[in-house]
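The two complexes that follow have chain A in common; it is paired with chain B in the first and with chain C in the second.
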Partner chain A sequence: MQDWTEINPLHLSRVEKKAWLLPQLNQLTQLHSENCERYANILNGTGLPLVASEFDDVPYLAARLFKLLRLSSVEEGDVFKTLTSSGTTSQVKSQIVLDKQTASLQTKVLVKLLSSITGKSRRPMLLVDRQGLTNDKSGFSARGAGVQGLSFLGRDHTYALNEDLTPNWERIDQFIEKYKGQSVLIFGFTFMVWQYFVTELLNRGDRSLFDNAILFHSGGWKKLQDKAVDNHTFKSTTREILGESAAIHNFYGMVEQIGSVFVECSHGHLHASAYSDIIIRNQNTLEPAAFGEQGQIQVMSFIPRSYPGHSILTEDLGRLLGEDDCSCGWKGCYFEVIGRLPKTEIRGCSDVF
Partner chain B sequence: MNNTHKLVSAFESSLNIEAGLVVDSLEYNTIPQWDSVAHMVLIAGLEKEFGVLFDMDDIIEMSSVKIAKELLTKHGIEF
Partner chain C sequence: MSSNITLFAGSQKVEDRSSAVIMPFDSSRVLFLSQLSEALLQGNYSAPLKALGFWLRESQIKAWKEEYKPNDHLLLAPIGRVFIVSPSNVEGLFAYSWSLSYLMGNQTIVRVSAAITSDQKKLFDLFNLIDEQTNGEALNNQAFLSYDKHSDWTRKCSDWCQFRMLWGSDQSIEDIRRVTLPAQSQERVFPDRYSISVLHLEEQDIPIISGLAESFARDVITFQQQACASPKWVIWYRTSKKIQTLFWDAVEKFIVGSFAKNETFMSAQYLCAFGAEVERVGGLSIVNYREIINDGVALRGVLGQFDQSCISEIGRAFPQNLQSISHYGLSHESKLELSKTSQVSQFCRLGEALTFTKNWDGVDLITVFSRKVRL
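The block that comes next holds the complex of A and B.
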């Protein structure tokens, strides 16, 4: 089987991807059913075969199961870190158990994927977050893990915000002075980038600071929708500040599958890379939906080895737009995220299949 | 200060550990002081000390003191 590091993450066609990724997913189903009793019990209840012949047939767990149960496929002694979701929309946090191998694979895959866009040289990096975010070793949040993973892409890491999330103008101005006009890398969570960075710089009158900047941003749009800011407004306003040719990439990812994120292309579509795949399922029947049809998003990744999270039904709604034929040139399924499943429709845990 | 001393001192100050711990066999993520956060501090420390710039592959590959030396050698630093 081809080693993942030899694969060009955004240029693998459907046929090649199936030959590579599907066996990986089947191996993981097998691995977790042997090492995680709870997962094995759930699988047994469904009567599904361990080896799927199509992506559609790979068994999946409901994302909320990770809030209800600690699902681990490694011995307690091998647990390296437990990630928790930020828990902004719910009181109960997801728990993701990582061993060293999975934690390391998350970073490597994320860097391989994003560096296929940025190139391998590390750019000066502005992080739209507070400095202390990654300091707390015991409770590593998903946000902290995200910042940490992305920081491998940069150098001279500069945190743009104070502890109270106000802009740290001193640090921002030093960064601007040092790197004005250069191809810097900026990363932050979508809402924070908008609220604590773009809006603030816009008000201050900053314009065309970094013409060749690359901005990656991630996280939900809910708070921005409340402010009537859509992706188009986000991009055009951010380009006023950074420069017309700044590359702005949203990405979609779950705390359950850190590393194999879905990155937005130059045409504004989120793509599954070679390392992940996506299926849209009809909300009522849970059958795979056709292109263009709205449904619940299922995500698959070859990374999770320490917990059975390689195939997860999320509580997000989306729509598949096509596969392998996006005019941006990247391969893979491309799709859009529409929003969250309304609370009233969230299925009970007995409904995981 | 020769290059080995420089290397040990960069590890010592970046990771905040005793110089005695900085031996070839010391590996990333095997002591709490050398985690992914400290790794970026270490990278910056080594770059400053030796005047080199590592690319993304280098910093992912740098999983032990021994490999750090090999990567620096690749950048023209002799040990």
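The block that comes next holds the complex of A and C.
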């Protein structure tokens, strides 16, 4: 079996991907069924197969299970860190158990994937977040994991925000002065990039700061939709600040499968790389949906070894747009994220006091 | 009262401890509730509010009055000042307990969540409308309000009241109970409860199985299985597999589309993680396990099931926080046995699990909201 490091992440066709990724997923199903009793129980109790002959048949767990159960395939002593979702305080957070191997693989895969876009040389990097976010290993947030993972792509890491999330103008100005007109790398969560960086620089009058800047951002559009900011507005405004040559890539990912992110191409489509795959399932039947049909997003990844999260049915809604034929030149399924499943109304004798 | 509370209906004068004493079943209060009932039944209201209207119909109140009428030895008198904390997400739940407190002649403060539902708003609008017709007399010592749970209003209301009634999750009740009551005050709580169905179907029941299934489905669908009295597990008592299958086939017809697929899928996986096995998947997921799995996680669109042929064993399988058993085919003797071996507080027919009665959760609410005075 081909080593993952030898694969070009954005240029593997469907046939090649199936030959490589499907056996990996089957292996993980086997691994977790042997090491996670609850996972084995679910497979057994729901009659799911251990070996799938198609991606569609790979067993998948409901994403919310990670909020309700601690699902681990490693001994407690081997737990390196536990990731938590960035849910609001009132929500129950997901718990993702990582051992060193999986944590390391996450980072390596992320770097391999994104560096196939940024190139191998490390660029000066501005992180639109606060310093110290990644310090606490025991309760590691998705945001922290994202910042830490992406930081491997850059050098001279500069955190753009203060503790209270206001711009740290001193650091920002130093970064701008040092790297003005150069190619830099910027990463942040979509809402934070917009609210605490782009808007602030726009108000200050900053324009065309860099040459060939690359911005990666993630975290969803919900908060920006509330402000009537769509991807187009986001990109055009951000390019005013960073420079017209800036490459802006949104990506879709989640704490349950960190490392296997789905990056937006130059044509505005999210792509599954060679390391991951995506299935859209009809939300009323959970059967695979046709191209263009809206449904729940199932994500698959070869990374999770310490917890049974290699195939997860999310509560996000999306639509498959095509496969291997995007005019951007990247291979893989390409899709769009539409939103979340409507929340089931909470009613009953549970309470809201 | 200060500005950090929202008064939805009633009067701010409720805090006045010197209001006139009104005896249980006073005609003015019967009149208010009857008018409320009539308006709910005749107006364009939701099914839960119509059910409240039906429950409060004048003939019902008269029947209660007759049931609790004073005799030479005993009469009912109001407790005085009552404080009710109610979850706002069961439309009308607060109204059931409040109306009995009101009927018993008490001054009452009802605390609801600030996030009131459209049904609650309609109900408060109706309260205010009928109250206006009495120039504010009807509700001048009642208050329906909301306040920040971190404020000191729970303390103030607890100091004020002579009887406190709490509805909510175990966690909420424990939180509120940290606010102690004065020694002279009483309390009644309605915490998290769990309910199940016991079904005993025989060949002779096959012709009516569709009707039974429809009733059962109604119990399951109402409040999306999230009410204390919603059945979450079915225990088959001496019922053949063939009849069980016929029953589930029939239930499926009435349940279809009631639960989101993601919910039934997730819920079934959750129970399977503990060792349950899926029996069938449709509008509901049905899973088999040898005992009830109940760890407090709110699941939707799933029912567990197992067979049991010994009634005393059924009672022992129930959780400590059991409330309702909706049933078919249980004999009087079986009910006695289950009352002895479990914490059950109410049996009901299929389709009536969510029907509120004055005897709720093991308590006669009319008695709870009044003093029994020995003459």
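Simple rule for what comes next: the second predicted complex is superposed on the first by the 342 of 353 C-alpha atoms of A that agree within 3 Å, B and C clash if a C-alpha of one lies under 4 Å from a C-alpha of the other, contacts with A are read in each partner's own complex, and residues count from 1 in each chain.
The rule we apply is simple: a contact is a pair of C-beta atoms (placed from the backbone, for glycine too) under 8 Å apart; a residue touches a chain by one contact, two chains touch by 3 or more.
All values reported here derive from a predicted model rather than from experimental measurement.
Contacts of A:L341 after superposition on the shared chain: chain C is touched, whereas chain B is not.
By the touch criterion stated above, A:T166 is placed in contact with neither chain B nor chain C. Applying the stated contact rule after C-alpha superposition, one finds that A:K120 touches chain B and leaves chain C untouched. Looking at the shared chain after the overlay, A:T233 reaches neither chain B nor chain C. When the shared chain is aligned, no partner comes close enough to touch A:S53: not chain B, not chain C.
Considering which of chain B and chain C touches more of chain A, the answer is C.
Shared-chain residue A:S245: touches no atom of chain B or chain C.
Applying the stated contact rule after C-alpha superposition, one finds that A:Q30 touches neither chain B nor chain C. Chain contact summary for the complex, chain A toward chain C: residues 38-39, 41-42, 44-47, 61-62, 64-65, 68-69, 71, 283-286, 296, 313, 315, 341-342, 344-353.
Every residue of chain C that touches chain A in the complex is listed here, in rising order: 85, 87-90, 93, 111, 113, 115, 149, 167-169, 172, 175-176, 190, 192-193, 223-228, 230, 260-263, 265-266, 268-278, 287, 297-298, 300.
In the complex of the two chains, the chain A residues touching chain B come out as 80, 100, 103-104, 107-108, 111, 115, 120-122, 134-135, 137, 148, 151-153, 155-157. Remark: chain B residues 29, 32, 35-37, 40, 43-44, 47, 53-57, 59-60 touch chain A in the complex.
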